[in-house]
Amino acid sequence: MPTTYRHRGAISLALFTAASLAACEREARRLNQQPPPGPPVTFVSQSPLQPGPTVVTDTAEGEFDDNAYNTSEGQTLYSQMNCSGCHSNGGGNMGPALMDDEWLYGSKPNQIFASIAEGRANGMPSWKYRLTNKQIWQLVAYVRSLSGLTPKGARPARSDHMMVSSPPNQTPNAKPRNSGLPGASQRP
Amino acid sequence: MHSAFDPASPQAHLIASLWWWMLGVGGTIWIIVIATMFYVSFTKHRHREPDDPQHVSEATHRRMERAVIAAGLVTVLVLTVFLGFDYSVGHALAQHPQRALTINVTGHQWWWEAEYEDPDPSKRITTANEIHVPVGQPVQFKLRAADVIHSFWVPNLNGKRDLIPGYVSSQWFRADTAGVYRGQCAEFCGLQHAKMALYIVAEPPAKFAAWMAAAAQSPPPPADSARLYGQRVFLSSGCAVCHTIGGTQAQAFVGPPLTHLKSRATIAAGTLTNTRANLMGWITNPQAIKPGVRMPAYPLTPLQLEALVDYLETLK
Amino acid sequence: MKRLRPAGNVAELPSVVFGSRSLMWWATLGFMVIEGWTLALLVTAYLYLRQNFEAWPPLRTPYPSLLIPTINLVIMLLSFFPAFMAAKRAKQLDTAGVKRWLVVLSLFALAILVIRWWELWAINTRWDTNAYGSAAWTIVGFHTSLLALDVADTLGLTLLFFVREMPARSFSDTSDNSFYWYFTVGIWIPVYLIVYVGPRIF
Amino acid sequence: MQNHHEPVVPAGTALSDEDVAREAAALEEVWHGRSGFWGWLTSVDHKSIGKRYIVTAFAMFLAGGILAAMMRTQLMRPENTLLGPDRYNQIFTTHGTTMMFLFAVPIMTAMGTYFVPLMVGARSIAFPRANAFGYWTYFVGVVFLYVSLIANTGPDTGWFAYVPLSGPQYAPGHRVDVWAQVVTFTEIAALVAAVNIIVTTFKMRSPGMSLNRLPLFVWAQLVVSFMIVFAMPAVATGSTLMLAEDRAVNTHWFNPAEGGDALLWQHVFWFFGHPEVYIIFLPALGFITPIVETFARRKVFGYTALVMSNITTAFFAFGLWVHHMFATPIPELGQSLFTAASMLIAIPTGIQIFCWLATLWAGRPEFRVPLLFVLGFIFTFVNGGITGVMLASVAFDKQAHDTFFVVAHLHYVLIGGGVMPLFGAFYFWFPKITGRMLDETLGKVNFWLFLIGVNVAFFPMHVLGLEGMPRRVYTYLSSTGWGPLNLVSTIGAYVIALSVVVFLVNVIKSWIGGEAAGHNPWNSSGLEWATSSPPPPYNFVHVPVTTSRHPLWDTDVHLPVMTGLRSDRREVLITTTFDARPDHRHEDPEPSIWPLYLALCMGLTFIGSIFSPYLVLVGLGASLPGLLAWAWQSLNSHRGPDRVAAPDVLAETT
């Protein structure tokens, strides 16, 4: 009996510690980080079919996707950079919708990073000289939260605006489909 | 330069006089109560009753009754006078002027946007964190919040007023003494609540008019190639997606407008004096100075940075 | 310490009493005051938000339906009767009568709780549509939690009466349960009027 | 039938020592729960619950104090980098939340839980298991807040969590959710304690203790319990419902774009928040009267005035909330009404102080530590009261609002009006709780360090505020010139810390080896001193009968008691609401694990609501068998026979 109890105690202690550590990461706000020296944007691949060496950035997925503060900063940037001008509040208009499960250029963080940083055909401008890497990763986290690709605990709730679409914390967890525009992968 | 004790407007004067009066009366009351406390506790006087704790003589009871009732009446009296004085001051402060220079102030996390109202939209001047006002003329502020609640407060000139999303509140004062008056956001507004200062620059009407005229102009285009390069850095890098510089393509209002950056005494909402070194330090890593501020540390090469600051220094 | 001197004897006093003499009645009253006051504050907030709108319900927001809420209101009013009867039988220490009326009351309670689900949707506006929807859902939702608690209390009491021998104190508890039922139903009447009928009036 | 209802004491002979000892042994058998850890978990004894309540709440005072010391260290000099804004914001919010919700309110209700039954001469509290449930709920809140803080999820939007800063858009993550649910746990605990104290006071008073003989301590607890009943639902509405909903399920209570209103939060919060201050302050005033009476060796002057002051303060307290909102755009006429009300409330408070001063004047004061703390209270609190009247002025408040002036004011009021009397109460009642006296010399050191520390720490803040220093800043520029006064203030904070250390040393030392106290070490007059120290589980061998406001000072050589309560089951005497005539006997519940179980279910429900609606269902589902088991257990432990007084019948049942 006592051993079982001890085991149980140890397990619950471990679970508890794990939960707290997860919370630490999810709630962390790393405010004062020195920017990396060198050019503004790491070179990223546009598509797997690209000729030459494929360089994929380190995505630091957890630091952004599973972090409430970074996702929220991404949300702020989304409205400040007027992303809604084309993508609306995720519903899409001139640009494609961001809150559905369909992804023209891939739904992985580094793919979305590439879309934002390098821009895409049909009007998506390149942001790599206007935003920092960190800001783009924050946007990536927010964009992914819109379609339920990031951990639920880190997704934002409604914002103080008119309600036009359901907030990320209500979006069900989605399985993305990479549809691809006809011939999209051939474009540089 | 940042104190309610040092009023520079009739409004702040009224409040300060109310304060000194309340301090005098309140202080006197405090001294009387504490003196009474010492007297009743520590002196050997003849009214102390015998040992039986249940016993209080008729005479003593009457004296206690009289003393407590008298003290209660004095309290009521003092409070009534307090109330009267407060109402008169409040009434005076509530009289908003019929005609006044109107400035729309919007609180952002964590800076102040100020727009001088004018019927002609092209003449509206927008500036940040330093608000020039003419001496001797009433100035009316219309206060709005862009994100969370802030509070507009320049203690030398008037009390504070909250900026609340969904509301437009107003505040006014008339600066009677020329000077630079510091104020600071008074309602907790997040990470950099501590570094959200503003300055009211009160100057004689002629000087103020000159400032207005200058502020309405766009800065001259860059004169030499180094500064031209600086402008290019500004326009093609991240700066222009948030900031405005009059006469250029940079027309964003995410961050403070920089059209007349060098005419301001401080940067980063009153956090740093506006020197070349501070400007460079700020651009290099704002997060080290105001952790959490919305401006990112944008990676620039030393050459770009030099040229950018060269250019920014021309924005007088 | 002073010596103790007997000044009276309480051995002959009763040990089970009804109504405001009993402690449980006071606890129930306290609970009612707290919950009633919370509901009153929510209704005040609802009316406060009303001032932010030109129309009520707001533009492009449908009226709440009246049919289901009215049906449920009628059922709730009818349920006063079994509650009253259960309390009456309890005061007569009539175990069979209490059992009978508790079953009837339980059926009513369950029916009301089930219909409440459709009654919530009869608001016709989701809670996340606008502040009007939020306020209406919160008020009805909060009352639903009170109702659910009361239903659980009633069902639990009924169950206990059927599965075991109950001491005399349980009769007092039964009458307090009815007392709380009157409150739950009674407080619904103004809520019904404000949330469901109100938008058609103001 | 009528005879034994009369509390008039017939002449007679005292019970023999053997009779009393035999009765005590029988009661001990019935009332003593299991010992050991299980016994501790299942205890429903209001003294045992009250004691752990007091200890937990005091631990929260220490935790909040440590956070305060960290803040003061950060603010010691301009542009200090010890704490960044992110940490600082969590710390100041947790400090405020701890002090208001986890220390001040709980410790006042804890004192009530422990002492009200003793003071009214009851064997138990009205609802012992609910009392235990309240404590455990509070304990869940305590653990939750501090685990969250350590896990970097400490709330960071201030203890009044203004929206929209605390709303879904500007407070990402779960930090504010933690705050909202911690408040929920305090609400539940406070409401349970309030109902318990009200019913205990109304129905369980010693025969003869009509309301006009009720001790002023109990009056204060009674009035405050009513305030809790009407104030806590407001914050429940605001935080547990509106704020949590806005954050979790996207309602629009506070979203102006969809018809919500940011000021609604302020109205709702301060409708609770202002009475909250008096919920802390009035029980503290309740401590003062017995201390003054005991050490001035004089019955208090103006019993009726003191009671009326309590009641009027409680009424006015609900009419002041807007004075926290003078800087918001609300109509000026409304504001002036609240100014008047805010000034009016100074009158009843003033009258209470005058009554105590009058009592001291007629008495023969003996300056033991509890009385020193009462004098310290007057010295500090009057200052805070006067700045309070100043802040009631709309014009002046617009300068002082949200600055360090307000910080100074609220600490003068809450430390002066709450903590000073509380320390006095600790020194006064520690012998009753533990059976040991606290050391007098250490007590005096404790007192003087505290008095000096509080004034050095908080007085300079008045000046800082008017020099323009807003509250809740994590740092300030050296050019502001606020450095020197902040340094002084920080030194004062360290002196307070030292004083608290002295107190802790005193408690530990005295608890282990202090001088034995005996029944009534201070020769005080209340019924709590009529039983042993610490009191037995059943409080009184026989329920005492009250013949005056000062039962133990009566010249009668004997203590009149009621006999006849059963000693073969836990039985308490219930009396009528106003006159306290014996009405019936009530069977008190046995120890139970279910209060703890249900509190954990509540914890799961409310903490779970942050993460997933399913956890709410799990929590509620788990609590249903708990409720059933709670009822089942009390049916099983029932010991008949009963005499039933129904309207229609009077029957004997088993």
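Order as written gives the chain letters A, B, C and D; numbering starts at 1 within each chain.
The working rule: a residue touches a chain if its C-beta (ideal position, glycine included) is under 8 Å from a C-beta of that chain, and two chains touch if they have at least 3 such contacts.
The structure displayed is predicted, hence computed values, not measured ones.
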Intersection of contact partners for chain A and chain C: D
Pair sharing more residue contacts (C-beta pairs) when A-D is set against C-D: C-D
Centroid spacing, where centroids are CA-atom means, of chain B and chain C in whole angstrom: 51
Euclidean distance of C-alpha centroids - chain A vs chain D, Å: 47
Computed distance of Cα centres, chain D from chain C, in Å: 30
Whole-Å separation of chain centres (CA-atom averages), chain B against chain D: 38
Multi-chain contact sites of chain A, meaning residues that touch two or more partners: 29, 31-32, 158, 160, 163, 166-167, 170
Chain C residues counted as touching two or more neighbouring chains: 128-130
Set of chain B residues in contact with two or more other chains: 165, 191, 291-292
Pairs of chains found to touch, sorted by chain label: A-B, A-C, A-D, B-D, C-D
Residue ranges of chain C touching chain D (in the complex, touch as defined): 1-18, 20-23, 26-27, 30-31, 33-35, 37-38, 41-42, 45, 48-49, 52-53, 58, 91-93, 127-135, 137-138, 142, 152, 156, 159-160, 164, 166-171
Residue ranges of chain C in contact with chain A within the complex: 128-130
Contact footprint of chain D on chain B as seen in their complex: 2-5, 12, 14-15, 18-19, 22-23, 26-27, 29-30, 33-34, 36-37, 39-41, 45, 47-49, 51, 53-54, 56, 60-61, 64, 67-68, 71-72, 75-76, 79, 82-83, 85-87, 89-90, 93-94, 147-149, 151, 153, 155, 158-162, 164-170, 182-195, 270-271, 291-292
Residue ranges of chain A touching chain C (in the complex, touch as defined): 158, 163, 166-167, 170
Touch list for chain A against partner chain D, complex: 20-21, 23-24, 26-29, 31-32, 68-69, 71-72, 75, 153-154, 156-163, 166-167, 169-170
